[in-house]
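The structure's right below; bear with me while I get my questions together.
For reference, chains read A, B and C in written order, and residue numbers begin at 1 within each chain.
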Amino acid sequence: MALAAIAAPPAGPPDLRVQLRRARVRRRWQFAGLVALLAGAGLAAMMIGPMRIPPRDLGAWAMGRLGFPAEPIGAAERLVIERIRLPRVVLAACIGAALATAGAAFQGLFRNPLADPGLIGVSAAGALGAVGIIVLGHRLTPALPGWAAPFLLPVAAFAGSLAAVLAIYRVSLHEGRPVMATMLLAGVAINALASAATGFLTFLATDQQVRDLTFWLLGSLGAASWPKVALVAPGVLLGLALLPFAARALNALLLGEEEAGHLGFDVWRTKWIVMALAAVMVGLSVAFAGVIGFVGLIVPHAIRLAAGPDHRFLLPASALLGAALLVAADLFARCIVAPAELPIGILTALLGAPFFLWLLLRVKVAWQP
Amino acid sequence: MRSLLLSLLCAGSALAAPQRVVSLGGDLTEIAFALGRGGAIVAVDLTSVYPAEAQKLPRVGYVRALSAEGILAMKPDLILASGDAGPPEVLRQLERAGVPVVTLPKDHTLAGITAKIRAVAGALDAKSAGEKLAGAFDADCRTVEAASHAGRPLAAVFVMARGDGALSAAGSGTAADAMLAAAGLRNVFAGTEGYKPVSAEMLLDLAPAVLVTGTRTVQASGGLDRLKQNPALSLTPAVKADRVLVFDDMYLLGLGPRAARAARELAIAARR
Amino acid sequence: MIDARGIVVERMGRPIVSDVNFRAAAGGITAILGANGAGKSTLLRVLCGDCRPDRGSVRYFGRPLADWRPVELARRRAVVPQSSALNFPFTVAEVVLQGRAPHLERGAPGVDESAAAAALDAVDLARAASRDYTTLSGGERQRVHLARALAQVGLDGGGRCLLLDEPTSSLDLRHQHDVLRVLRRFADSGGCAVVVLHDLNLCMRYADKVVLMHYGRVLGSGDANAILTPDWLGIAYGLRVRRIEAGRDVLFSAG
């Protein structure tokens, strides 16, 4: 009798199909929440700044822009809204989305939740490219047509990032297949090499350049403008649009490379595409905003803790949260010490690290029986 | 009719005198105050530490990392920018906002200061005060020449230190180099460019007879005695003969209206 | 169904698998047996396509492995690894549903979910569907991966293959038999199951064909009853093995 009572299975949980439907609904809400978060951050960033612009003016500007009749606003307010705040918010959103998505992609690819663009040397190599141009660029500029000069820095940073990814990939090839452990170690080596080369360039640099470098290496969105947005956005949007197509393959890669192959994925091609897209996104970010840490590490972590590691959700959700985080961080950077501003890299670390610790703490509690 | 026009013109020029100036450069701020136009300055950069009134003004941050909106929020009608001011995007945005930006090209010589004074005076609509200040500055410069050409040129070095004891020396293209030259001293690091880290061996080899440094370096080193005990410095002829000259950083390196007086003081102190 | 000929795998000039011919037929369970280092896992990796042999060829359904498009092969063949590197907090259901990847958007709505649910049920994990994979025990994880493979090729194996590397190594007695009964059903319905096993008793009871390996070569292959003899096993393991016949059951004991 007692034995029978033990052996009888407890009432089962709902059917798998119901469970999956519930999970889908929950994710839809989470996604909507992230969209709202980004919209809120963007709106706050448009409304708040060292220059006082009443919400009424912002509303009037938006109405006017949308073609509705609205009372005209002051030229200075208009300029701050259109030429200073809006490009800055858009650039922050682009770069936040790019860093977070690239982080999520690298983590999937390396099957390591710590594989941040910073960790595997992609950011450092991008920074090296940019520092090279800051220090030595004046020797190149006379040889170039005038219009090309402003492109020099972003192109060099992008080239650096891509070169790092290719080098890591090449080094880690073993019998035609990349080995993940070697890949991470190669990343560490590239990081050290790029940092050393950057250090050497710093030594060659003049005082003025060293101070530029310091600020640049801490990251800033202070020089945001529409032309910059026009250079960053296409590459970032390309990555954001194409990476989700690799989401299922990245999910399978988490099981292991061979397992992914057994599930019918072209592992080699997936890796190439993901690496190239992520490098484009990181390179563009480094080129236009310097080194902004933590976004690529924290954002995917937070999403995974809330919704699991499924890349079909993780990639777009990371883009949204990363964009919201960087827009918010830039808002703080502009306002805390106004009329001056803080380097945003300091702020992402200040905002990001405690948030990360809080998440860890929460998970620890949740795991206790 | 004619007098009316004249008064209108006067009113026009009175209106044209900028009332809300953001000054981006310690030397420019100093000149503006020396011209008696300090009251028109509403915000300054981090290097504007002289005169004391300037320190009470809002700071728009480091001169290489400015924020367009932060500066515009001060509602300026003129921006005085040193050649260092940037990033260029921000200056462009400020210009596009309709704020006149007067950029003074970088010039690390005493001779350039006269032109700088005239340019700032022009921008601030204080021409006559500018002529007076420029004249006074030129007169100071002549006294420097008198003081600096006495005797043979002494070998000198300007060092800057961080708290951890690491030293940098001023090479060519720095304000310190210009001041040493003006004071008739031979900068032993003229062969290098900008501030470069120095080692004990290098300093011993170059054997400077005079060591010049700033008050901030002395503070960062934990006092003049501690600085002199720095292994890189303790064996130099300058420290052994106790020819260590400490100047206020902005006074010595500001390249403002006080630069000629500072150079003269340096020349005299070095030869005492 | 699976046909490998003249397989040679060398590592640093030393042969690990030498000149192995291997056939696994549809409708049967083929077990690969042998001591540690005999080349069982390497042979299985060659059969999977994870390891390219230095010589020899592998064919599935008569077609060389290289001629299969990955997704095409994945629809007809699943592989269960001995252990997986997965350390991300997928739910059990998410892992099992990954087995449906090669079939997506091919079936009617709900097919994937039904296949996953049936597979979970078959390995006795229906109630763990929403659990975090990383909190499972080793044996539970092993069963999750079996369920993933079953979701991929189906519980009934007509025209399909299932390759498993020591699927029972972390399982308790009951689940060992559960797993082999799942394989039995897969084979009985026309599937081709290839399994690396260590347990002679399980092998005797469930395998239709046994391939006994020794130092990279096939010592003998054929009907389980014919191969699992004290003589053969004594050579393969370098140990005296007693075969105890108890009615219909045959048991093995070392020493």
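To be clear about the criterion, a contact is a pair of C-beta atoms (placed from the backbone, for glycine too) under 8 Å apart; a residue touches a chain by one contact, two chains touch by 3 or more.
If you're wondering where the values come from, they're calculated on a predicted model, not measured in any experiment.
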If I average the C-alpha coordinates per chain and also across every protein chain shown, which chain's average lies closest to the global one? A
Most distant chain from subunit C, judged by the mean position of its C-alpha atoms: B
If you average the CA atoms of subunit A and of subunit B, how far apart do the two points sit, in angstrom? 41
Which whole number of Å gives the spacing of the CA centres of subunit B and subunit C? 80
Among the residues of subunit C, which are close enough to touch at least two other chains? none
When you check subunit A against every other chain, which residues touch at least two of them? none
Where in subunit B do residues touch two or more of the other chains? none
Inside the complex, what are the residues of subunit C that reach subunit A? 48-50, 70-75, 77-79, 81, 84-91, 93-95, 97-99, 101-102, 104, 110, 113-114, 116-117, 120, 126-127, 129-130, 135, 152
Per the contact definition, I'd like the list of subunit A residues that touch subunit B in the complex. 49-52, 75-76, 79-80, 83-85, 203, 205-208, 210-212, 215, 220, 222-225, 228, 334, 337-341, 343
What residues of subunit A sit close enough to touch subunit C in their complex? 9, 12-13, 15-17, 19-20, 23, 111, 113, 248, 251-252, 254-256, 258-259, 261-266, 304, 308-310, 367
Under the touch definition given earlier, write down the residues of subunit B that touch subunit A in their complex. 43, 46, 58-62, 64-75, 84, 86-90, 92-93, 96-98, 173-174, 193-197
